[in-house]
Amino acid sequence: MSTVFARIPLWRDVRVLRIGAQVLFVLFIVLIANWFYTNLQINLERTGIRFGFDFLWTTAGFGISEGLPFEPTDSYGYAFWVGIVNTLRVIGLGILLATLLGLIAGIARLSSNWLVRQIASVYIETIRNTPLVVQLFFWYTAIFLKLPRVDESIVLPGPIYLSQRGLALPKPYATETFSLWGYGLLVSLLVALAVYVGRRIYLERAQRPGFAGLWAFGVFVLGAFVGWLVLPGAPIAWEMPTLGRFNLEGGWQLSPEFAALLAGLVVYTGAFIAEIVRGGILAVPKGQTEAARALGLRPLQVLRLVVIPQALRVIVPPLTSQYLNLAKNSSLAVAIGYPDLFNVANTIINQSGRAIEMVLLIMISYLTMSLLTSAFMNWYNRRVRLIER
Amino acid sequence: MRLIFRWLRENLFSTWYNTLLTVLVIWFLWVAFSGLFQWAVRDAVWSGGAAACQQARQLAQAEGRSWGACWTVIPENLKLFLAGTYPAGELWRIWVCVYISAAMLGLSAGVWRGLVRDVVVALGAAALVLLVLPFSWTERLWMFGIVLALVVPLGLRWVARSRIPRVRWILGGGWLALPILVVWLIGGGGPLPKVESTQWGGLMLTVLLAVIGIVASFPLGVLLALGRQSTLPIVRWFSILYIEIVRGVPLITVIFMASLMLPLFLPGHLRIDQALRAMIAFTLFTAAYIAENVRGGLQSISRGQIEAAQALGLSHWLTTLFIVLPQALRAVIPANVGQFISLFKDTSLVFVAALLDLFNIGRSILANPQWLGTDREVLLFVAFVYWVFTYAMAHLSRRLETILGVGER
Amino acid sequence: MRKKILAVSLVILLVLPLLSSSQGQPATTLGKVQARGKLICGVNNAVPGFGFVDPQGNYSGFDIDYCKALATAIFNDPNKVEYRPVTAASRFPALQSGEIDVLIRNTTWTIDRDVGLPFNFAPTTFYDGQGFMVRKTSRINTLKDLNGATICVLQGTTTEQNLADMARRLGITIKPLVFSDVNARDKAYDEGRCDAMTADASGLAAARIKLSKPDDHKILPELISKEPLGPVVRHGDDQWFDIVKWTVFCTMEAEELEVSSKNVAQLKTSQDPRIRRLLGLEGDFGKKLGLDNAWCANVIEKVGNYGEIYDRNVKPLGLERIADGKPSPNALWNDGGLIYAPPFR
């Protein structure tokens, strides 16, 4: 009985073949890599190009217009870090606002109102089909630079100054009573959490939808407000912007470069997100909406409880790539003078001549940001995904 | 008249917020476009070369008012925008490429009808519109040739209905061979005098970079997608690593690396020029995105198809080649058209490799002292050309989506 | 899969040795250029007045004319040049690897580049320097008045550093706004986003023409850097270095001796020994360089002398060699400038 089947020859044994194929594949990759590496060695020696990252600790010798405090006597490495932080600012805020805009435009494109629908589709079609660089130029030169000059700033109560040098707001800073207030905040946060949990349990029992988070938020705000009144002195004071010889000084300032980059990225990415949202909503079968209406849900509830959770499953994966695109597109900041990591790195390349090292650093920085974004979005995607039977 | 009023009332003034919105939009359009109109039309200089523009500007400066657009910069530099520094005596080669492509398209329209025929009609109409514009007579003659190249093969095919056997296969092969033929025609070699790729430029280079980028990256992308689905762990991990790394970095850094680093990885005498380096960068970059598109297509094939093929006794590779891939690739055509559109827009980044594509040749023109200060005109024109191409392709892709029935299951 | 991999590996193993076999080539740069039949010149494709493309698709500008001069010296034909645009980052690797024969792309001569890189710098063809443009109404008259100002800068190799150095030297604080695009920078300054703009003098002149009201702006007389620009060649080929060097000197000497493209033909009968030597009628300087003896005469005839090259390309930017009776560094030495060629003898 045991010898009915002849022993499978080695060259047809799937297990052996699998291992063999992989060994060959690795060999192939190693051969190519080795060839590249040998050439690199020869070429580096021939052209006398040095390679190393020690230059990052030498003095930068240039200034950066905004972001973390930076002096020309700081190092190249720190300059690059300032650039990374500036990039993160734009990406974080950009993702938030682009999602919001995309959601609005996507829903608007399905609106029953002719005008709203037309505006949404004209917006989407023009924005999606022109290069982003050109749009950034437009935002910067035709919108933000057309604001009044700094000595003729628009002054809003606050005082808030708005001029082509940017938006200057009063900046809060902590006084000595701030730590006391902080403890108060912590206590009200705990109370708010308790309220949230309690409310959730109640809603669950009562079998009805509701906003547990809203209640908790109200409790928290109330606690913070009462704490502020009880304390002898205000825990937070304001630093006012003032007009200096050339520029507004002090306060919290938002530069027009930042604003233009943010506006450009948000409007551009928003157009793509709008199409994704539209697709997602269309993918929810009409029967679902009708059934929800039949159950007596109000239109907003239909959207919130039935349509959006299902649409999210279709929306999230392509949304992730749009977030990644936004992150990568932020490198175009260099064209309009916002000191993001690519802009700063370019200056470093020009000055130190260390192109290869810096481009590697740029790639690694963007890669890290992209991977973190995709990791987060994948986690979120798993949460909203339909569990298939 | 009454109809118009009714339409207005129903669509623009149906409710109070709708009316408010309409008024706001009209006000906004007025604010945004009245200045633009003054600059682009009312005060603009349309002819007379650089001297007329300088005169108009000096006059406006003396009177202390703003001056209008200098549109003459576009026709005066049209050759640059279209072909860059390509030698004037060899320009006919580019025209021949255009004609061959047009003729292929015309013939395809005869064979496949449907969408291809609409494309041919649209292109022919566009060429006829160009004839009306103020070009010289020789240029008009060249352009009229496009119409002929489109229509004649279509007619021939119509006359010789299905008399040529296997015409679809021949045509398909022709399309595959076309990029090679075009590169040979433009670059020269053999009997044709060589034109270095440093002399390629303008719209021609933009189109060439985008087309070659997408064509070359397609096989690599399909391989990577299959690799990512593979059951061999090493192959799978390598594919995932490649795709995720490439998708995580901006294209501009990839081009930069290719233009500076690639020569370091090759033996000293094996020298590849900047255009080829940019093409390699585009290929390596786009392949990762195509791989993800194709993966989507692969995943959309239901298990039943594969199981049925296996039940019929097809091996794993035959199943992939004849059952899975054809269906998957068909499903991802629109997505890949989208990829091509973004690649087309992204070719503007080759300025970091000092290639004179449509965008960068614009910068060269702006450095000519004659045309100083015509930045907006040049930028707008360049943006407009990009827009025409990408919008047309986006439209095409939507039509394709409908025809292929993607998303209608 | 496995068969494919096997086949590909085999092909690569077979092809690799083929790729690494090298062909015999002439040893000198001049030999290579002559064998090729054209000069490969690394240039910039977008610097007003210095390198741009004219409507017919031909390169044009001050730097381009020196490429043409070099080609004329070698081939007696200014058109035997292939222009290869290079970026600020790619120019040095391109010269190092031999992709280009000579780099003529507004490259500043500094000790770090001359000593730290394997390059030789030919004589300076244009003396530039970083300066400032401000509004006339701004009451900025000296560099010290810039304290607290926002300054528009174009990303350059040393522009930002010079600016920061200046601020440190004078003990003032400034806010640099750094652009990669020249049009964005000009626009930002024109609209009043910046109190001043800094660039090389030639760049400032080109930018000023484009402003909405050029007369409302002035260029501060103080310069904060020296930027001598000229051709660059590789180490290790002294003959080639001599050819580039003396082609530049040829244009300068021609202007000093008042030999121009218009009169060079008549002057071939001149009895002035200096002119006769310059035109190769006496002495064997061309032969000693490995060129034709009439090399310099050809350069003057087909490209022009220094003054002609300057007036053709840089003057339209509004940069005079002698402005208000004051000579710039780019005036001839006997007018008070720095343009000076060693004697042709």
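Chains: A, B and C, in written order; residue numbering restarts at 1 for each.
Just so we're on the same page, a contact is a pair of C-beta atoms (placed from the backbone, for glycine too) under 8 Å apart; a residue touches a chain by one contact, two chains touch by 3 or more.
A quick note: this is a predicted structure, and the numbers were derived from the prediction, not measured.
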| item | value |
| --- | --- |
| Remotest chain, chain C as reference, centres from CA atoms | A |
| Closest chain to global C-alpha mean, per-chain Cα centroids | B |
| Chain A and chain C, separation of their C-alpha mean positions in angstrom | 43 |
| Cα-centroid distance, chain B relative to chain C, in whole angstrom | 36 |
| Between chain A and chain B, centroid-to-centroid distance (C-alpha), Å | 29 |
| Chain B residues counted as touching two or more neighbouring chains | 256, 260, 263, 267-268, 379 |
| For chain C, residues that touch 2 or more chains besides their own | 1, 89, 93, 97, 183, 187 |
| Sites on chain A at which at least two other chains make contact | 21, 25, 47, 49, 137, 355 |
| Touch list for chain B against partner chain C, complex | 61, 64, 66, 76-77, 79-80, 83-88, 196, 198-199, 201, 256, 259-260, 263, 267-271, 274, 317, 352-356, 360-361, 363-370, 372-373, 375, 379 |
| Touch list for chain C against partner chain A, complex | 1-2, 5-6, 8-9, 12-13, 16, 88-89, 92-93, 96-97, 118, 147-150, 152, 155-158, 160-161, 163-165, 167-168, 174-181, 183-185, 187-188, 191-193, 195 |
| In the complex, chain A residues that touch chain C | 17, 20-21, 24-25, 27-28, 31-32, 35, 47-49, 61-65, 72-73, 137, 140-141, 145-146, 149-150, 164-165, 244-247, 256-257, 334-337, 339, 343, 346-347, 349-351, 353, 355 |
| Partner chain B, residues of chain C touching it in the complex | 1, 19-20, 22-23, 45-49, 51-61, 82-87, 89-90, 93, 97, 99, 183, 186-187, 206, 209-210, 212-215, 316-317 |
| Touching residues (chain side chain B, partner chain A) in the complex | 10-12, 14, 18, 21-22, 25, 231-235, 238, 244-245, 247-253, 256-257, 260-261, 263-268, 341, 345, 348, 359, 379, 382-383, 386-387, 390-391, 394, 407 |
